[in-house]
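A single structure is presented below for examination.
As written, the chains take the letters A, B, C and D, and residue 1 is the first residue of each chain.
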Amino acid sequence: MERRITESFDKQSLMRTLGAQLDSVAAGQVVISAPILEGTRQQHGFAHAALTFALGDSAAGYSALSVMPEGYEVLTAEIKINLLAPGKGDRLRATGRVLKAGRRLVVVAADVYAIDEGREVLIAVLQGTMIPMAPA
Amino acid sequence: MERRITESFDKQSLMRTLGAQLDSVAAGQVVISAPILEGTRQQHGFAHAALTFALGDSAAGYSALSVMPEGYEVLTAEIKINLLAPGKGDRLRATGRVLKAGRRLVVVAADVYAIDEGREVLIAVLQGTMIPMAPA
Amino acid sequence: MERRITESFDKQSLMRTLGAQLDSVAAGQVVISAPILEGTRQQHGFAHAALTFALGDSAAGYSALSVMPEGYEVLTAEIKINLLAPGKGDRLRATGRVLKAGRRLVVVAADVYAIDEGREVLIAVLQGTMIPMAPA
Amino acid sequence: MERRITESFDKQSLMRTLGAQLDSVAAGQVVISAPILEGTRQQHGFAHAALTFALGDSAAGYSALSVMPEGYEVLTAEIKINLLAPGKGDRLRATGRVLKAGRRLVVVAADVYAIDEGREVLIAVLQGTMIPMAPA
């Protein structure tokens, strides 16, 4: 299962562009982090909301994939993000988790933290729906 | 107003990384587009959902800024995206618009289209809330 | 199709409790309205947000059902509401519409207006996902 | 603080219509429950999604009010509900909690359980934004 998720993650060119890495994979919980690069900022030099979204959505999606049978994929049907604080610091880290795994839909959540000189601040929460795609 | 929005947009390093451009700015409606670059894709080679989100959220946010007084900024408080179809093609284009401009909150929406050899397909709709920030 | 929707609507006891009625049914668009009753208010005497939600969600859900084949039902998977103004007046009216009808999911939206002595004010917008349920 | 919340709750006529009661109030967490009455059902006799929403939104809103100074009120700016399972049983119970209390916005969440002959099933999760309203 960890292998499948790593393979899928490595095929996402955006994850490379953002400098993101898979930190941990467990059944129903996946952690992804990324540095706040010179090229992923908003107008005040903080992490761009789209970086926060990218990590939270991906961590949530892979947490859904972690509970799917071999050969399945997942797509984001919808997801909502509430931004709580600026993405200030060196790095963002997102933890995605499965709230309810159904046959047709998987409901997921994610928390995103900014890490600023060792201090961690919750900067966003996401809640969404993933669709399992059976192998062709 | 167009100048203010262009200046803010140009300061967002993520927009450059994504190759995004401001296509048009009117009071209450802003259009942003970007090519689907080699480095902004998901595992099947389509536009990554975070690219779709980045354009939709930014177009929505700048539509809110377009109705604010000089010196104001806006922050995304929350936004939700429903993904309708894969981001297949050459380019994505997002149109953001203001649904209700209040003193404390601005409710916004955005539609994102994929452009595939001239054909346009609606791939995502967003609905969210922006917070006006008065000048310091 | 109108018969199916009317039958389903009439079986929802909450719709009777709220005094709600089906105003119109077309393929992909359904209108539902209700008076602001003495028993459906919040602490300031305006329409309760849950009444606004009930009408918007139902209009959106029936708009999805209106494009499904005979025998199908729909369930709300998720829906988000942005409240724009107080529900002040005599009556609320919700218009639901289909944004994208897929085989597995139907993405919908709804607008809710308050009607106050003939004047109409947009008080809420909803965006959500319905799941088609095939006949058993 | 408990008195303020009880007074506000008692003024909401919809809560009476739904048979809802305040089960507990603590700083940052409020529990509200209601029976699944004959008059608050959907077409299959389960709890209507709008009942689930009403309890979840109210529990979330009062959890925000519980951390506000005397004299404040809160309004729901926006809230999203993901429905996980049918509202089957005798009673629903919603627990609302504060995720982040800001000066301008309070981000909240709620879980709603159905209680069916003593067994509890998580049927919905909500995530939203409340606006503090200072005394006039």
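Everything below uses one rule, namely that a contact is a pair of C-beta atoms (placed from the backbone, for glycine too) under 8 Å apart; a residue touches a chain by one contact, two chains touch by 3 or more.
Values in this document were obtained by computation on a predicted structure and should not be read as measured data.
Undergrad: Tally the contacting C-beta pairs at the A-B interface and at the A-D interface, and name the larger one.
TA: Per the contact counts, A-B leads.
Undergrad: Give the label of the chain whose average Cα location is farthest from that of chain B.
TA: Checked the centroid distances; the maximum from chain B is D.
Undergrad: Could you grab the centroid distance between chain A and chain D? Build each centroid from C-alpha atoms only and quote it in angstrom.
TA: Here chain A and chain D have centroids separated by 28 Å.
Undergrad: State, to the nearest whole Å, the distance from the C-alpha centre of chain A to the C-alpha centre of chain B.
TA: Spacing between the chain centres: roughly 20 Å.
Undergrad: For chain D, jot down the residues that touch at least 2 other chains.
TA: In chain D, the residues touching two or more other chains are 77-78, 80, 82, 107, 129.
Undergrad: Using the touch rule from the top, collect the residues of chain D that touch chain A in their complex.
TA: Touch residues, chain D against chain A: 80, 82, 84-85, 99-100, 102, 107, 109, 122, 125, 127-129.
Undergrad: Which part of chain B faces chain D closely enough to touch in the complex?
TA: Spelled out, the residues of chain B in touch with chain D are 77-78, 80, 104-105, 107, 129, 131.
Undergrad: Mind pulling up the chain A residues that touch chain B in the complex?
TA: 8-9, 11-14, 16-17, 38-44, 48-51, 53-54, 57-58, 73, 75-83
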